[in-house]
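Take a look at the structures listed below.
In the two assemblies presented below, chain A is common to both, partnered first by chain B and then by chain C.
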Partner chain A sequence: MKILCDRQQLQDAFSVVGGIPPVKTPNPIVQNVLLRAEGDQVVFFATDYELSARSVMASVQVLEPGAVLLPARETGQLLRELSEPTVSLAGSDDHRTTIECGSGSYQLVGDDPAEFPAEPQFDGTVELQVTSGAFLEMFRRTSFAVAREETRYAINGLLLDYDSGNLRLVGTDGRRLALCHQEIEGPDEPARAVVPLRALQALGRAIDGEQDAVLRVQLGDNRIAFQLGTTTVISQLLDNRFPAYEQVIPKVAETSIEVDRLQLERGVRRVAVLSSGDVRMVRFEFRDAALLLSAESSGVGRAKHTIDATIEGPSSAISFNPDYLLDALKVSDREIIRIDMTDDSTPARFALGETYTYVLMPISGS
Partner chain B sequence: MIRVLPPEVVNQIAAGEVVERPFSVVKELVENSLDAGATRIDVALDDGGREAIVVVDDGAGFTPADLGLAFVSHATSKLAQLADLDHVASLGFRGEALASIGSVSRATIRSRRHDAGGGHEVHCDGGRTGDVRPAASPPGTRVEVRDLFHNTPARRRFLKTARAERARVQELLARLALARLDVDFTLRADGRELLRLPAGETLRERVGRAFGNALAEQLVDVELGQGSLRVEGLAGRPELARRDATLALLYVNGRLARDRSALQAVRQAYREHLMGAVQPVHFLLLAMPPDEVDVNVHPQKAEVRFLDGRRVSGLLFEATRAALRGSGAAPRAGAGAVGVGGDKPRAIVGLPPLPPDLFGRAERTSGGGSSPLPSGLRAVGAADRGPHTAAGVREAGAEPAPDALLGGLAGQPFVQALGCYLVFATPAGLVVVDQHALHERVTFERLRRRHDERGATLVQRLLTPEIVEVGAADKAWLLDQGEVLAAEGFVVEDFGGAAVAIQGIPAVLTRARPAALLRALLDGDAACGPVGEPDADARPRAREAVVERFHSMACRSSVMAGDRLDDAEVRALLREAARCEHAHNCPHGRPTVLTFTGAELERFFKRRV
Partner chain C sequence: MRDDGAMAPPADSGIARTILHADLDAFYAAVEQRDDQALRGRPVVVGGLGPRGVVATASYEARRSGVHSAMPIGRARRLCPDAVFLRPRMAHYAAIARTVRAVFERFTPLVEPLSLDEAFLDVTGSRALFGDGRAIAQRLRAEVSAAVGLTASVGVATSKFVAKVASDLRKPDALVVVEPGTEEAFLAPLPVARLWGAGPVAQERLRALGIGTIGELRRTPVEVLALRLGAHPAAHFAALARGDDPRPVVPERDAKSISQEHTFDADLRDDDAVRRCLRGLSEGVGRRLRDAGLTARVVRVKVRFPPFVTRSRQVHLPRPTDDDAELAECAIALVAKARASGRPVRLLGVGVAELVAREATPATAAVPQQRELFGDAGEVAAAAARADLEARRARLTRALDAIRDRFGHDAIRRGT
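On to the complex of A and B.
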């Protein structure tokens, strides 16, 4: 294989797949990325057996078709450092690839491309279509709430829940829950899958440059495929033990508050400085058309901050971990948000956008 | 063919329960002597007790009639009816001991009551009791047990060497003797005196004689009363801790008792001082009304059962903790267990007491000084930057008396060696502080103090309860103790089957995995208490599961080995450490401070031999 290509294109195509090879594996060949030159394009492919991604770099000058394997980590680091406009890659029979760029020449030792796992063929039973930028936005608003550890529920992934033209993404770690939804084109039958965060992160890197494209989502029994232009991400699904999230979203509330989001975010951020290091907690008191935020850190100090608010229902107070709240406030784009709450042992509901709901469990005992 | 066993065989079998080896014979006989009101008990062994065991006392003695029944099973003078079991104040009461002993040896009892004109004796050979005959005897009782197990050779074969049997008897006698300072004990073996414990000595003196003076010096006094309960005795400094629990002794009304939860309560008080699976040394005497404790649980009477175990555990915990705190748990000179050997200096963990003004005239090294220091040492200027530099770490509120030793070092010149050890030259010797370990202690206590001060425990409620499968016993315990656990931040509810639902966790540990926290709670040292009863351990265990996390939190947020500290930082650290409850151990139990005294340095350099 021998090619001449644009550096930026190469970096973009590589970055989609470069994060997938595993750091530790008993089978080191998958720590490589496959490059296959054919016609006037180069296909990039990487897999860790559970998750695989494929991207294509078009309009390449292919001097000699063929395939090479490049060590993912070193190649990724090297490509990030390059700045000249064109790059040439040339493979040799002993699985070495020479990258030349400007006055630099780098030889990378790969492996036999014939030994590399084949690209998975996958046709889902359900296909959904969604605008890529909108999907990325939903992902950003829900992924932070995903549990980082394994629990009894499969909440270490994002739930993708489709029903009659409505697509929902749901993330939860048992303390809070973020839900985003969107009307999309799709079939009549419902579909549901819990997708590993890593698959969506790889997809996110691909979407970054293509906000207005059509993202095709294909769902099968235990796999999911995302197609965006020539990029494909295929992932195993987590099992379906996702909690019944609709049940934890409160339907009624005693007190409802409307407040300016930016003021609230700024206020919580300030007050949280003096929420003590060991228990992160900010107290919300609603009364007389105002929201009083307060926090105290033993031996360090205390903070109070008042924000105008519209309050329906009785005065009340509730405490939250400010970090959990800020995570959601900073990805909301609504000017005025609404908080529905009852007491300190039931969840509070934050309406953070037309299609964005956040549910947060309070800290009780204060 | 089924047949009724003759009584001597029954006794031989029953004897297996009571009499296993010379040790058990001595135990039964000495307890009998104590019950008989003896003020003087002499024990003699020949060939480790194989050949003869002789116990002589000056107690009440037997009447000739009693003597005739002495070797009859369940004959006892101490208990006439069942109701008396509620008021057992004597050590032996089951009436099995002498019959059992008589059935497996050739035993002779010679006894005379103090008011009687002359004595009598009775002989029993392998369970066959002879007639009571007059014999010359001083007031009191002499029991001679010869040829133990002569008729049960299997058992005889299981006896250990004379030396081993002797050692067990010696340890037993020492342990029994600690509860009765008013009684004179002597142990002789093959004519040689092994132990002599005169009546009227203090507990500390007796421990010294029985277990060595070096050990006795490392004990602090324990004393606490509460209503009808009272505990007193001695608690060993943490450095005495050992692999086995043979010197973790608890006496209930003069009887050695092995009550798991009571001993656990004492262990709990030591928890922060001990590292790893070691057992503390303590000699605690618990006095309580006889009807509040059931001693008729085990044939060997080691186990007891308390009417109100929670109260007993609570008192033991408080008493021990207070004693350790009062002592500062700072080991005294000579306690060193680190780097000991041969002519090398004994490193002493902890500090000798220094008067507070000791350093008033101490020379100060200068940071800019040109004096050559060994590589690895860094000179630090002790220029005073004013008292305000330490103010940031000071906590408001009532302060306990600060640790004069660490406090005395604050502001003194030091070198930071190997990036980790702060070395102070003091008139008392060379003091070395492990900066990480000490800071860890300070951080840990600050976390714990804040946790305590917060009063109401904050609970991070869970949106989706975490379902955890636990064993039936654990589940019953969790649900029984629900209220107490909730007060410590663990909100747990039934979820059917073997599962519980965690509805809330302590907010201080909000990022912890709820299931892992629950495991930590259930896997604590102690087994779960009986179902359906309030468990005194529930609260401390829940608290322990939380505080346990503070250990690692403290470790992460403390200065590390290799962090350079300037003099203001060191001063602040020492001042705060001086106010810690247990400044001389890090939360994992490792020492924080080490002293090489002048005398040790002299010995090391052969100035003094």
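On to the complex of A and C.
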């Protein structure tokens, strides 16, 4: 194997697969990334047996076709450091690869490519198509809400919920829920899948460079495949026991508030400085066309901040975890947002965009 | 094992501290002799009586025959065939130790227990109240004797290290005061083995330099010591030889962690035995937490595989606990991660960290709480049931503690 390629292209193609190899594994060979040079292109492939990704670097000068395994972590770190325009890679018979770039030469010890797991073949039973940039936007607005800790529900992944031309992405950790939807091309029958966050993160790196392409999503019984141009990400699905999320989105509310998003974001960020303590908490009080934000940290200090707001319904007070709120305000692009709320034991609904809804459970007993 | 927490008064404040090291003489054996008149004046050995048993404590009568703690029990029987051999009654000793601890706390809140029968007391701030170190130590010995009928040896000095050496010097029933400024002279004739941290290897290296006493060590330039011992240990021993030991006395309440560990005489392979041991250690740690009024956010385990491979694992709890059963569940799960089934184990340890006062633990209703989205009726009921179970477990644990105080540790045991 011997190739000469563009450094930026190499970095992009490698970055799609580079995050997949596991740090700890009983089978260390999968800590490598497979590089296969054939024709005028190079294929990268990595897997951890549950998640695999394949990316292609086109128009490469392949001087000698062949395959090598590159240690994922070191290769990724090295490639990020390179800055010259072209890079050459050359494999040797003893599974070593020499990367040359500018005046540097780096030899990486890999493994036998013949021993590497084969690329999975997968044809789903349902196919959806969505614009890649729109999908990435939905992912960005929902993924932060996905539970990072183990919980009783299958909420350690993002729900893809498709029904008659409407695709929803839903992320929740049991305390807040982020929902985005999008009209798309697809079949008549509904489809649902809970996708591990890592699969979507790998996909996100691929989409970064291709905002206007068509993303094809293929769904099977327990696997999902994403295809974007020459990039493929295939993942196992998580348990389908996603909670009944529609039930917790409030349909009615006692009080509705409209407020400037940037002012709210800035206000919450400031007031939250004095909300440390055991329970992070900012109090929202609505009265006389104003939203009063306040927080107190015993022995540290207290904060108050008033924002103009349009209020419908009785005046009331409610407390939220400021971090949960800021996560969502940051990724909203709406100038004026609406908050619908009732009391401290009922979820509040934040309308953060035409197609973006955020539901946040308040803090009670404050 | 414990970490030093932040402490007052600061060791570097310039004012000479007054530190007591109090040590109950031949504690377990002395308790047995106190409780049974027939044993007084006779050699008594308390320890494991099985084939692999070791001596926990020997009375001074037995020590005259050469019996000492950590000696295999069979060897003790050969050295002192006339001795009375007894199994330890740990809960009984622990209850007495708590009474003694309460006596200590009459003199200062700064009591750092080292084990059941040993503690450091920083009485610097109590001198105005009770007189100088000697006066406090005399009164302490008298009050311990009045409270539990046992003798304590006490060392008084300006540092923990010198106080401990002093209490050990003329045991039993002794009071040794090292006046400020006389530490070097006091330490000089003593063997280097007395130095805190001087194990067999360090002693051998010092011997190679012709150093046998602490005085000889003090006269040796630290650079020379460093060549043999390394820079850090050399500086450490040189400071100790001058009587310099800035370690503060850290009361249990301020401890950053509490742990217990057990080294097995024979490597343990059996999974059930490992779990049993972890439950026992968890109970000990839980008891110390409850006695100190603390709960823990972190549970840790330590596993040593032969010969010396040590693994540690820890877990953050969603809510701090002082519950034995919960600690044990965590410890068992953590060890299962570090150890393949059947793999022999030489040492097991259970510890807790990130300690918070029990009062500060968020209760259910009064304190602000982040509510759950999917808290439907079933979930609320489940949460209530969980809270109820926890309350019942807490009551059970307190009842167990009380029963063990009165009737001994083995009087009652959890079914598993």
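By definition in this document, the second predicted complex is superposed on the first by the 366 of 366 C-alpha atoms of A that agree within 3 Å, B and C clash if a C-alpha of one lies under 4 Å from a C-alpha of the other, contacts with A are read in each partner's own complex, and residues count from 1 in each chain.
Note that contacts are C-beta pairs under 8 Å (C-beta built on N, C-alpha and C of every residue); 3 or more make two chains touch, one makes a residue touch a chain.
Predicted model, so just to flag it, every value in this text is computed and none were measured.
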*Clash or fit: chain B and chain C on chain A?*
clash
_Quick check on the superposed pair: does A:204 touch chain B, chain C, both, or neither? Answer first, second, both or neither._
neither
_Once chain A of both complexes is superposed, is A:362 in touch with chain B (first), chain C (second), both, or neither?_
both
*Who does A:91 touch here: chain B (first), chain C (second), both, or neither?*
neither
*asked:* Going by the contact rule stated at the top, is it chain B or chain C that touches a larger number of residues on chain A?
replied: B
_According to the stated criteria, A:243 is in contact with first (chain B), second (chain C), both, or neither; which is it?_
both
*Using the touch definition from the top, say if A:299 reaches chain B (first), chain C (second), both or neither.*
first
*asked:* Looking at A:110, would you say it contacts chain B, chain C, both, or neither? Reply first, second, both or neither.
replied: neither
*After lining up the shared chain so the two structures overlap, which partner does A:279 touch, if you call chain B first and chain C second: first, second, both or neither?*
both
*First, second, both or neither for A:175, with chain B first and chain C second*: both
*Stretches 7-15, 43-51, 79-87 or 331-339 of chain C: which one clashes with chain B?*
7-15
*Looking at chain A, which of its residues have contacts with both chain B and chain C?*
153, 172, 174-177, 243, 248, 278-279, 281, 319, 321, 344-345, 347, 359, 361-366
*Name, in rising order, each residue of chain A that touches chain C in their complex.*
153, 172, 174-177, 243-244, 247-248, 278-279, 281, 319, 321, 344-345, 347, 359, 361-366
*asked:* Can you tell me which positions in chain A touch chain B when the two form their complex?
replied: 149, 151-153, 155, 172, 174-177, 243, 248, 276, 278-281, 298-299, 319, 321, 344-345, 347, 359-366
*asked:* Show me the residue ranges of chain C that touch chain A in the complex, using the header's touch definition.
replied: 362, 365-374, 376
*Could you please specify the touching residues of chain B with respect to chain A in the complex?*
395-396, 447, 450-451, 453-454, 456-464, 466-468, 489, 504, 507-508, 510, 513-515, 553
